[in-house]
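Next come two complexes, and both contain chain A; in the first it sits with chain B, in the second with chain C.
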Partner chain A sequence: MNSAQIIIQIIVALVAVACAIPGTFLVLRKMSLISDAISHSILLGIVIGFFIVEDTSSPLLIVLAALAGVVTVILVEFIQKTGLVKADTAIGLVFPALFSIGVILISKNANDVHLDIDSVMVGDLSLAPFDPLLINCTEGIADSCINLGPKAIWVIGIILIITLVLLFMFFKELKVSTFDPGLAAALGFSPIIMHYGLMTVSSVTIVGAFDAVGPILVVALMIAPAATAYLFTKDLKKMLLLSCFFGVFAAISGYWLAHLLDASISGSMTTVLAILFLLVYEPIITSILVSLAIGTGTIFYQYYEYLVANEIGFEQLLLGEKIKTVFTQFVTLDYIYILVIAAILSALLMYILPKRGVIFGYYKVRQQKTEIMLLVFLLHIRNHSEESERHVKHLNEHINWQRIRSKSIVELALKNNMITVEDKIISLTTKGEEFTEKAIDYIITNKDTEIEEMKDDFFLFRG
Partner chain B sequence: MLGSFAVLRKQSLLGDAISHAALPGIAIAFLIIGVKDSNLFLLGALISGLIGTFWIRGITKNTHLKSDTALGLTLSLFFGFGMLLLTFIQKQPNASQAGLDTYLFGQAATLLIEDVWLIAIVAGISLLILLVFWKEFKILLFDEDYTKTLGFNTNFIDILITTFIVITIVLGLQTVGVILMSAMLLAPAAAARQWTNSLGVMVVLAAIFGAFSGVVGTGISTVVGNLSTGPVIVLVAASIVFISFIFSPKRGLLFREIRFRKNRNNIKMQKTLAFMYGIAKTHENISHPHTIKILNDFQGFSKRSLQELVDFNYVKINGQQWSMTQEGYEKAANLYDQQIKDTHE
Partner chain C sequence: MEQKYAVTVDDLTVAYNYKPVLWDIDLMIPESVLMCIVGPNGAGKSTLIKAILGIIKPIAGTVSIFGKPYEKQRSLVAYVPQKGSVDWDFPTTALDVVMMGTYGSLGWIKRPGQKEKKASLEALEKVGMLPFKNRQISQLSGGQQQRIFLARALVQNAAIYFMDEPFQGVDATTEKAIINILKELRKAGKTVIVVHHDLQTVPEYFDWVTFLNVKKIATGPVKDIFNDDNLTKTYGINYKVSVQE
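Coming up: the complex of A and B.
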């Protein structure tokens, strides 16, 4: 690692944290898309600022851009308040309009200067370390400046510090106004001020991060860590910490992924974020795929390096052929290695990650089904004293179950000591009767508080 | 046209999300085939757009994350992945990658005749489907549960609408670009919504508004010169929305304000009348004159409301004195009954 690499990593980590904090609140307030709107409409602010000062590095640009962000929010709120359209439509109307004005202004007036949409829309990090903040420059004398280090670190660092200070000062207020604006108003702190405060902070953060990662990836950095953290926890503090952690993790590992693939840093950061989110959203499938990919990737990379060094003409091959050539080098041992690595990794991942997703969901539904069937079965036995109704065979026709299913239910009940079977006639044990009584209570009680206590009793019989 | 459905289904920003989500599709299509072929790009964009849409649906359905978060996630993560692929492609030797990014911002001028035909055909098909499934679409839009009880396959209809929205968006990308596509989807529908409460009229109006802004936008950008078409079209559409917001007869801000004022004046007048009634009741002769001064402390009294009362012939003014007429007396006596009746009707 050379110093430029370290600096880039520091910058992306700072950006990630600075974005994650307001992002968490945006996600909780169901306003994630505002960040998208802001990130687009600041273009207008930048363009107008550019026309005023004719200088792309002036701080006025940042101020105007942040202002444009706030204006967007106000416009959206205003349209929403009229009640003519829904909130999301209001967002969708405002930012394309502002963005269009920005684009038109550029194409109309700035054709000959270095300010095109591409450079505004797609941020680039790799040059950030070489853009130092210079102060005390004396006109005309080179090297008279005091070099304070990369500018991006200063900009994003200051924004981060302000965000953190505001967060600690107003944590309580933010929390209350996020979850219960009515209560916040009743307690005497205005939800509106909180709202606009948060919006201003988000706007400034987006502008600050914008240089480094471009507008759409700012949105990713704001929403994705927060959404991932939200799937993990419902505690606000934990959520904030987790989303910062995810952000930084994605930033650092995204940097190395970009280094490996020789692609854009912001793109790979988002890709890591996407993988993180998928891991939490669909843990089983994704962790298997990811560990397979990691396993294959390590082996692939070793052969790739080897081929680049030793095989003449390899570099000039097309991408598809390159990949083919590398894979022909694989031997059986490599595949075994990949599988072992993947198995260990995915087992580890599945252990850490929350239990959700398609496969686990299916398992859960089956469990619940069995539980309900057991209940139905017990209730049926309880309701009938006559022997003919309690015959094992009778269940098939009466409750309409297939043979295997009813057999497994009877076995489950037997295992839990709820029934006894004599001469194929089923009768409830004392435990079974108690349980059924409770179940009836459970079914006919509507109050949540009472059900909560009872739930535990039923979990006993899972599986 | 299809935008109407998106707007009414509260999925307005779907257009934005999908148009971003199409990027990795384009990039992957390029990676696989290695040449530029706009039809295959469209296919790639379509597939990744559809994956994006179903991802959004899955997230909102399976987790406690809200749809805005799901949209934002899909939008940014897909786009980020697309950027990764694009930069990766650019670093490859002998990659003829130039022009891939025109997809991002759209260039109506680069459209070929075949593209136009393709768009026309797709528009025709979607119109046909819309007509065939009109009833189903409509009912699903407004009452999903009812649709289910009627025995329609809601999932199928839902997927059908979504697929067509995605197809339209992907096609539109070439013309106006990623960022402006959402506005093209939304703005005409939002404007049309202001003028009518009927779905049929709304869809037709939205189509007209869309076509209008397209034609006018293109016209302006050719006449003025040096303006890209996309933004101009969007701005035209936005101004149509703005005009609709203000001037639409039923929901518009202007008429709402006028109605509001009218109501307020009416209430002021009625309040004054009721107050006068209270005074007049205490006298044997209801037309006994009183000075205007006693009304001054009363809220709701103004010269204007007094003048209106005179105009209605409820009150007579004689110098600084006012007196109630028989008509006014009866009107005031029935005022409360009348209002109760009005609210119940």
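Coming up: the complex of A and C.
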């Protein structure tokens, strides 16, 4: 790792944390898309600032850009308050208008200066280490400046420190005004001040992150870590910490992914964020898919190198031959290893992550279905003292179940010591009686959720 | 001696987009009553409370709490918003929500400490929710959420309590539990003002009532003014209530 690489990583990590903090509150306030609006509108502020001072490094640009962000929010709310359109439409109306004015101004007047649309859209970090903050320059004398290191670190570092100080000072105010604006207002914590405070911090942060990731991907850095953390925890402080962690993780690993693929840093960071979210949301399927993708990618990369090494042009090979070469030469133990790693990873994720996703959902529904059937079965036994109703053979007819199902239910009940079978006649044990009675109680009193908790006390084996 | 009023509302008018929601309301609420505000949907019941608490700016009129403007008397007032007005998926616990009630006395920047935590735990115990203190709020039932809100108001230790439909979506047991706590508050000399929907329970629960439908129809002791005449004026249809003896 050379020093430029380290500097870029420090910058992306700082940007990630600075974005994750206001992002968490935006997600909780259901205002995620406002960050998108701000990130586009600030372009207008930057362009106007540039025309005033004709210098891309002036702090005035940051001030005007942040101002443009706040103006966006005010305009959105103004349109929304007319009651003619809803919030999302208002957002969709405001920011393209402001953004397009910025685009027109650039294309009309700034063709010859360094303000090109490309780097404005996705950001450009590769040159950040070589743009130092210089102070105390004496005019006319070269090298008279004091070099304070990369400017980007200073800008985003100061923004982050301000954000952190504000967060520590106003954490309780932010929390109460986000959760319950009515109470916050009644207690004298003006929700309007908190709202515009948060909007200002978001705008300034987006401006600071603008160079690094551009207006489109800065949204991902604000929203994705917070959304992922929200799936993980139900505690605001932990959510803030986790979203910072996810942001930094995605930033650093995204940087190395970009290095590996020789691709855009901001694009790679966002890809990692998306995978991270999917991994938490749908752990098993995502980990399998990611591993398969990595495995297949590795194989094709080896294949590509083989072709290059043997000076074989891709078009010289017939399709069948291509596949044959790939399979015979490159689907090796490596691929199997990757699949095994995927399986282990999935199992690990299943253990540590909250239980959710399609597979868990299916499993859970099946389990609950079996257990409710068990309850129905136990109720039937309890309600009938006559032996004919409790005979193993007659169960199918009476409850109208298929044989396999009846068998598995009876086995489950036996395993859990809830019934005994004597001479093919089923009776409830004391434990079975107790379980059934409690369950009915909860059903009658409408406390269905308690049944799930009670199951832990009774079941040795789940359905 | 002149009677002391907890809340005095003078010529209060509130409008949303030029349409008046409350029109020229005059209201004097005596100290130490358990009062309900009744009226049809859209009558401005919640708006009245919000305007008294300064959450909504009125276009005319004044409000005073024990003779002074609300801004100077915040510490004397507790507020329970409608349960549906907040996001119950917010990442926080029952105890934490109750602690929010202590924020007002703390003021800006200061953090809640052990004293506030102790008071919150006591409030949770009073509403029977202590076992759920660390429960994530989305895991609570509707009735439990309402109790948490009540505990949050109790922890404010105020002189006047405003509650916006505290019985909405709660079962009979919780309703009884809540009303008992409110009655205790009144016994302790507090003033409780509740937006209420169920006319049948008014005589049983409350001792003071305000009829509201954009304008104030009537206000006074339940036994004097809770009659068919006022109900008809408020709801616009012939109303007959069976007042329980």
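Just so it is clear, the second predicted complex is superposed on the first by the 373 of 463 C-alpha atoms of A that agree within 3 Å, B and C clash if a C-alpha of one lies under 4 Å from a C-alpha of the other, contacts with A are read in each partner's own complex, and residues count from 1 in each chain.
Here is the rule we go by: a contact is a pair of C-beta atoms (placed from the backbone, for glycine too) under 8 Å apart; a residue touches a chain by one contact, two chains touch by 3 or more.
Note that the coordinates shown come from a computational prediction; the quantities given were computed from them, not determined experimentally.
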{"item": "Chain A: partner with more touched residues, chain B or chain C", "value": "B"}
{"item": "Chain B versus chain C as contact partner of A:268, first or second or both or neither", "value": "first"}
{"item": "Touched partner set for A:200, first chain B, second chain C, both or neither", "value": "neither"}
{"item": "Contacts of A:180 with chain B and chain C, given as first, second, both or neither", "value": "second"}
{"item": "Which superposed partner A:427 touches (first chain B, second chain C, both, neither)", "value": "neither"}
{"item": "First (chain B), second (chain C), both or neither touched by A:230", "value": "both"}
{"item": "Chain B versus chain C as contact partner of A:370, first or second or both or neither", "value": "neither"}
{"item": "First, second, both or neither for A:188, with chain B first and chain C second", "value": "second"}
{"item": "Residues of chain A that lie at the interface with chain B and also at the interface with chain C", "value": "30, 230"}
{"item": "Residue ranges of chain A in contact with chain C within the complex", "value": "28, 30, 83, 169-173, 175-176, 178-180, 182-183, 185-189, 230, 233-236, 238-239, 446, 449"}
{"item": "Chain C - residues contacting chain A, complex", "value": "17, 50, 53-55, 71, 74, 77, 79, 81, 85-87, 90-93, 96-97, 100, 103-104, 106, 108-109, 111-112, 136, 138, 141, 152, 171"}
{"item": "Complex contact set, residues of chain A against chain B", "value": "27, 30-33, 35-36, 40, 79, 82, 84-86, 88-89, 91-93, 96-97, 99-101, 103-104, 107-108, 111, 117-118, 121-122, 214, 216-217, 219-220, 222-224, 226-227, 230-231, 258, 261-264, 266-271, 273-274, 277, 281, 315-316, 318-320, 356-357, 361"}
{"item": "Touch list for chain B against partner chain A, complex", "value": "7, 10-13, 15-16, 20, 31-32, 34, 59, 62-66, 68-69, 71-73, 75-88, 91-94, 101, 104-105, 179-180, 182-183, 185-187, 190, 193-194, 226-228, 230-232, 234-235, 238, 241, 245, 251, 253"}
